[in-house]
Each structure stands twice: as structure tokens, then as C-alpha cells.
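Chain naming follows the written order as A, B and C, and within any one chain the residues start at number 1.
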Amino acid sequence: MQDIIEVKNLTTELTLGDVHVPVVNDVSFKIRPGEVYALVGESGCGKSMTALSIMRLVPEPPAKIVGGEILLHPKNGGSSNLLKLTEKEMRGVRGNRIAMIFQEPMTSLNPVFTIGDQITEAIILHQHLSKKQALANAIEMLNTVGIPNPTQRVSQYPHELSGGMRQRVMIAMALSCKPELLIADEPTTALDVTIQAQILELILKLVHDFSMSLLLITHDLGIVAEFAKQVAVMYAGQIVEQSSVLDLFANTKHPYTKGLLDSVPMPFKQDGKLTSIPGMVPDLFELPKGCAYQDRCEKVHRDCKEIRPQLLGKNLKHRYRCFFPYAK
Amino acid sequence: MQNSMPLLEVKNLVKTFPVKGGFFGKTVGEVHALSGVSLFLGKGEIVGLVGESGCGKTTLGRTILKLTEPTDGKIIFHGKNITSYSAEQMRPLRREMQIVFQDPYASLNPRMTIGNAISEPLKVHKIVPRKELKEKVLELLSVVGLKEDAYYKYPHEFSGGQRQRIGIARALSVNPKLVVADEPVSALDVSIQAQIINLLSDLNQQFGLSLLFISHDLKVVRHISHRVMVMYLGRVMEVLDAGDLSEAKHPYTVSLLSAVPVADPKHKRKRIILAGDVPSPLNPPSGCVFHTRCPMAIERCKTEIPLLREAEKDNQVACHLV
Amino acid sequence: MTKQISYVQLIFRQYWNSWINRFGLICVCFLFAVAIFSPLLSNDYPYFLKKNGKEYFPILTQIFPFSTWIHYADLEGIDFKKIVLEGDDRIVFPPIPYSPTEYNLDEPLVAPSSKHWMGTDEQGRDVTSRLVYGSQISLSVGFVAVGIYVLLGVIVGALAGYYGGKVDMIVSRAMEIIMCFPTFFLILAVLAFIGPSLYNIMFIIGITGWTGIARLVRADFLKLRNQDFVTAVIASGAKPVRVIFKHILPNTLAPVMVSASFGVASAILVESSLSYLGFGVQPPTPSWGDILSQSRDFMDIAWWLTIFPGVAIFITITAFNLVGEGLRDAIDPRLKTGQ
């Protein structure tokens, strides 16, 4: 089956003064139809920037997409490179073929418009329906995302809803035009655990029902393990390990992935000291020569300080950016 | 740990916040932040306090430190009933109880060097002579794993994790007996979280520091604590040994546990997904506050408030069904 | 890592980045220099006099009028401008060899020339000299008045913001009432009662101007008192005075400084206006507003009496406003990169 989206060597730079640093550095991945692809990493690793680059919504300046290709392959054929589209053509893609939901349900809804206004806006824009039909569609969407009494809710304002409800509204808005790809940027980070479980279950169900693909951006390896099929781990703007989820957990190669896994306390496993990664995420403006992870790595070698490792295994299912990976 | 002398005992603590409204600022309602919470914390013990937002865990931490005044109930710290102590009476006691905050960016004064920020409590209580202040601060910095050159730096020069270490050093400066850690790792990245959790664990083991560890993250709480207290809407649902969490009795604890994603794709289990939102503490449900979301609720739960009682040794549960 | 710099240095760097800010600050420094060194810049006593083989420093008697160790008995009553020099006698005058009150009825309303750079007024007093000394009046009114109201405003605002509740209610209502008065006419009315003098002007501006500062400080305190770092200090047992002045106040000072530099400009303007109306500093003390006031009668024949003090006031006000503007931009957290 053909991939729905193919990101090839995407590079996005951040400019401060006359210094340019790649915040997204040579990132490539493919997502298949109906697949959940996770992008995982800590703050500042470039995972959100990758999502914004796909939407062509990077804040410009200071950031700018400087290289690579983002190929969108629709089901009915005729691929297009998103980076080559005009701004007008891109507007037809955003919200319509690729939709996005954000971390902060409090700030991503406009406080002065009703829920109904905000959902129908996208429907009217992309599907050219009448206001009445659009509202009917909106109510149906609210029902789909599990909001009780949708006919009354459409005339409510965002502040009248709880955080979980707002995130449901965001999902309804994102799905209102039945996109082929949904990008969810930390969709549950601001929510309580029990609400997080509801929302993740809901997203997964909808991805299945609407036969969409999902790019799930998260820092939580638990969410990756439970919901995703393919995964890419990012560090300092680069993908450091990329494989199927099962393989990543069972056969961890990169020391950073291993470090991340070890620093999460397991809810059912035995105690003992957590293995933490020493130091902190390096400043992108002061990246060392060689491997970006060298200062925190337990397996660091002389070569790591001199040569920047490439993502090995071009045609393999499991790729990693390390000279001294862990053996199986 | 259970039999050690209690450092802190909280009995039936109640805290309500008035909600003001209207032109003259009349009280139009009450937020029930705490409705009869009891807690026991032994010397050298870490009690984890877990619950969702709005469950009153932060209010409990601040009320214990008397940073907010309790509405009713008793707080007994080190044998002294401090419930009605005035701000003046509390002042000498403050060196025995300290607090670490969630937001490492808001908890440090941006205009003060780290050296000054850490030595501030020492100056307030005149614990160390002026000449030895710097030496003591440098010692504290090394305890929390920071370099000496941090002394003259300002907060904006540090990352979130490092600031959290500074916050911990400040709390430790007066050799407190009790530290309330209010979501100390929630704002941090996973790899940094582990560093801070390990630091707090070490301090507990080396110096016998007692810790009230407040968090919404059950796996972190389980990892660091000896005992875990689960709260929901201002009430205690269950208190149990951290190691026994997987055998929790209360439906809320069970569903909370099942909602935590496990970083192991082979781990398969049945998820219990709670429906609906946490009700508003302005108008909590009657009977058991959890009955509106409880998958096992019966008629009795709607009318009668379940009391916290010993279901098993070291396991107290507030549920009619246990 | 980056070299360690303090907050003040950071603001200064940010400030110094723009040429217009630099210009404003240089103007202000220049004004200060003129005010401080005015007795050296403009004086009818020479710096140095060598006569009959004896050396004198007559200007010192002006700078230290009460000192006993400089006393030239043989110079008493001498008019230095008419002194006759013989042999190797020498005399060195300051750049402006006149005092501001030294009148010369032979030279009334002289146009600017190499002798009187900015001309003279109707009593033959040198306008340059009067402008130079007038800067002392303007700056001291500006700074003392603003100093009084910043102090008042900070204390009142801090108490209202920190304690909230009733204290805040009372203070806020009081501020609203004071803000309703038309300040300038209030000042005029009060001066009419207690009599015009430099100190009264400072006092009046000081006690009517504090509301702006108080509102600023109160708002900041309301915001800051619930910040974790303040709670941490309270939790460590510090007394309210320490919490307010050592921990919260330094965080509110930057906007206060901005407001104060605008305040200095407006206080100088108020003083000039009062002097112009005759309610200000009393003659013969030189004041910019006073010179302008004299110029009314000679507008058509003596343009220099209007232009020079007008330009002096304009430049001073602009300079202080530029400094205020620049400071405001420099402390704007959105511009701060931490680099």
C-alpha cells in the first residue's frame, strides 16, 4: 500500500542574528494509511517544529524551512510536494486534508466565538456548504466526539467547557473535513490522567472509523507503547532511532532511547533507583562537533566526539544514529 | 515506618474558599477544597499524595504549612497543635517545614543571585553566622549536585531541572524536618524528572528527610513514596503502601492505575476508562463524591458518605463496596 | 556558557543598542554636568589672577563661600573685568565670564555676539549664564519632586498590593479621588496660599503626583505576591517588611524607573510653566520659565530671550522622555533574549 505522506530530508532552520541552526535536521519518515506514527522526544527536540513544518506553519521569521520534500499522496492519486505549493493551495490542504490538534485546549479555541461558529467555519470554507448544513454537520461531529447534548453545546462559549470537553471540540473541528492525516501535538499533556485516557481512546477510535493516519507527537513513552505502531525518537533536531514500536522497546539500539526508557518509573515493576540521563539537553546554538548526545552518553567513544553519526540502515526497518548501538 | 513517632498528624482538615460575586462582593458560594482529610506522616517517611486537578492536594500541602488558614480540623506538627498559630507564632517553626514548588520558573526571584536566594532562609533564622553563610550555601549546592559557580548566577541562566535543584537546596538550607514537595517534577522533561526523583530519594535516605510528595503522576508517586494517599474532590479515597498499589481496593485508585499508559508494548491489560469530568468542587456530588463516575456505584453511594476505614492491614479505603 | 551579567547590565546593553537612546542619555548627562559645574562654567570671578607677583584663585571664594581658608583681603571690592594688567600679570576667566545676577544697565537687550553668546536681557544680564544656572533649578525640581512622589507611591502601592482587602480598598479610593483633581490648577491654588518658592513647588508636585506610581506598584504587587518565590520566602519565616522590600520590590522597580523618567520631564515642564506665570521661583534666581516670562514684553525686538530658554526646555523634556521611552523598551521582556 502506498504511504499517505512521505517526509524526506526535511530541514527547518532557526535564525537568531546571523546564526542559523537546524531545529529540524534532515528528518525523514513515511506514514501509511490508517497507521499511528509517533514522534517522541523531550522539549526542544524539534518534534513540534516538524509538525508545524508539515503544515507549513513555522513562525517565519525566525524559523524557515530550508530543504527537503513533504509528499502528500492522496488516495485517488496525484501526489504533491507541500513545500512547492503556493500559500493559497496550501490553505486548501490545511484543515481539509491535513488537520492538527494542539496541546493547550485553553488557548487554541477563540474565546469570543461559540463552539458552533468555530466548527462550522472550517466546514463552510472547505466544503462550500450552507450555514444550516454546516451546523448540522457540526452537531453530528460533536456527537461523534462524545459531547453530550451537542445541539445545546454548539451555542456555548469555550469557557463554559472543561479542558477535556474543549479538547473534544478541537478534535471535532480537526475532523470536520475528514482529513487524510491528523497531526496531534501533545494532545493530552495538559489533561488529567483519567481524561487523557478518554481522549486518547477517542482519537484512536476516530482514526480507525475515519480511516485516517495519525502523527502523534508526545513525550510520554507510555502513550507510544500503548497507541502507536511506528515510532521515531528525536533528539536535538534529529531522528536518533526509528522503527516499529515493538522493535524499539524490545530491541533498543540508541543509548538515548535506552536512557529515556530507563528514566520512566514503571507502575507495576519493582523499585530501585531510576537510571537517569545525566546533564541536560544541549543548546542548539552550541551543539558539539560529532554526536549531539555525546555529553550525556554512557557509551561515548573518541569517534563520537569527532564524527557526527548518520542514520544507519537506509533500507532497514530499524534505523539508528549511533556508532555503538546496544546489541539485542 | 508505620510505628515511628508521628512527625505530622492532620485530623479532619476542612478548607473552603468563599466565592465572591455581585457588586458588593457578597459570598455567593463555597469551593470545598478539603472536606475532612486526615493524614499521618512518620519521621523519615515519604507519603505520596496523588489525585487529579481540583482534588485539593495542593491546598492540603499549603494548609499544612499554614500558608493558607484551615477552616476546621487539626494540624499537629511534632507534638504541637499548630492549627490556630498566628503568623508570628509560626515564624520560628518555619525552619522545620519547607516547600518545593512545581514551576521552577516562578519559584525563584529573577532579581536575586542563587547564592542570595539559598541563603535567605538562613539569614531570616540567623542559623549560620554571616561569615560562614557562603560556605554553607556552597555545601548545599554540592548536596543537590550543582557546581560552585552557580553561587553568583541568576535564575535565567539555569535550565528547569537545575532550577528545581536550587529550589530544593533552598528548602534544605534550614535543615527542615518536613518538606512538602508540590508537583516537583511535573514541569520537567522525562530524563530530568528521574534526576530530581533520585535526588529526593537520596535526601530521604541520607538525612532522614520526611517528605509529603504531591503529584498527579501515579507512577512517579509509586516509585518514590512509602505510602500513597489517593484524593478525589477534597476527600481521601484510599491510603495504602506504595508496594501494594497493584492490589488497590478503591474503584477510583484502580481506574487511575489503569489509565496510566505503560511504556511496554507487550503489557496488555484491561483499561477502565472513567466517563465524564471531575465534578466542580463548588457543588460536589452527594454521598460518595466519586459516585457520578464510578463504574460500580450502587444506590447507597448516592446518599451515604463512605468513611475511611481499615479494609486490610495498612490499607484504608473509603468505599461502601469494600 | 555565557558570561555572567546582572539584570542592570542586561537592561543597559539593551538600552545602549539604539542610537536614539544613546542620544537621550548623553543629553541628560550633559545637562547634569552643566548643572553641577555651572559655577565653574559661568562666573564673574576669574579662575586665576596674577597681579603684582601674587597669585590668586578668586573663583574658589565663590565655590566655597563659607570657607575661612581662602580669603583674599586685598581683592575685596575689586571689579575683575576692569582690572588693569601690567608686566607678567595674567587673568583667566571662565568660558562665560558673567554671573547670572550680574546686571549691566549699559548693555540691555544686546543681541547674541561673541561677548554675550545668547545676548542679554533688559537688565543687561547674560542669558547664557542664566540658562546655565537655570538648569540647576529645573533638574533639582524635577528630581526632588519625583523623588518625593516615587517614595510615596512605592510605599502606598506596595502596602495596598501586598495586604489587599480593606487597605487596598481605602488606598484605591483615595487614589481615584486625587486623580480627579486637575493637578496644575491645584498646584496654582495651593501656591497662592502658601506662597511661591522652589521648595513649595517640589513639595506640591511631590504630594500630588504619587498616584500613577502607586497604581503601577500596586498592580505588580497583586501579581507578584502569589508567585511561588514569594510564597517560598514567607514559608521560610520572613517578616512582611522583608518580603515586601527585599523580595517583591526589586521586581517592580524597572517600570517605576520608566515612569519616573517621564515624571522628571513633566515636573520640569510644570516648574517652567509656574515660573512663566510668576508663581514659580522668585527673581532674581534664574529659571528658564522666568526668562521666557520676561521675553513676553520684548518678543518683537529680542528673539533670543524666547528662543534659547525655549530650546533648553524642549531639549531637556525630549531627553528625559527619550530615556523613559528607551528604558521601557529595554525592560520589555519580549525583547529580552537572555543572550
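Throughout what follows, a residue touches a chain if its C-beta (ideal position, glycine included) is under 8 Å from a C-beta of that chain, and two chains touch if they have at least 3 such contacts.
These numbers come from a predicted model, not from an experiment.
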Q.
Can you tell me which chain is nearest the middle of the complex, judged by mean CA position?
A. B
Q: Would you indicate which pair of chains has the most C-beta pairs in contact?
A: A-B
Q | Distance between the centres, which are taken as Cα means, of subunit B and subunit A, whole angstrom | A | 32
Q) How far is the middle of subunit A from the middle of subunit C, if each middle is the mean of its Cα atoms, in Å? A) 59
Q | Centre-of-Cα separation between subunit C and subunit B, whole angstrom | A | 54
Q.
Quick check: in the complex, which residue numbers of subunit C touch subunit B?
A. 1-2, 4, 6-7, 227-229, 231-239, 242, 247, 250-251, 338
Q | Footprint of subunit A on subunit B - complex, ascending | A | 52-53, 159, 161-162, 189-195, 197-198, 201, 216-220, 222-223, 243, 245-246, 255-267, 271, 273-275, 277-278, 293
Q. In the complex formed with subunit B, which residues of subunit A make contact?
A. 42-43, 162, 164-165, 192-198, 200-201, 219-227, 245-246, 249-250, 259-268, 271, 273-278, 280-281
(Q) Touching residues of subunit B toward subunit C in the complex: what are they? (A) 62, 65, 67, 90-95, 97-99, 101-103, 106-112, 117, 120-121, 124-125, 152-154, 156-157, 167, 170-171, 174
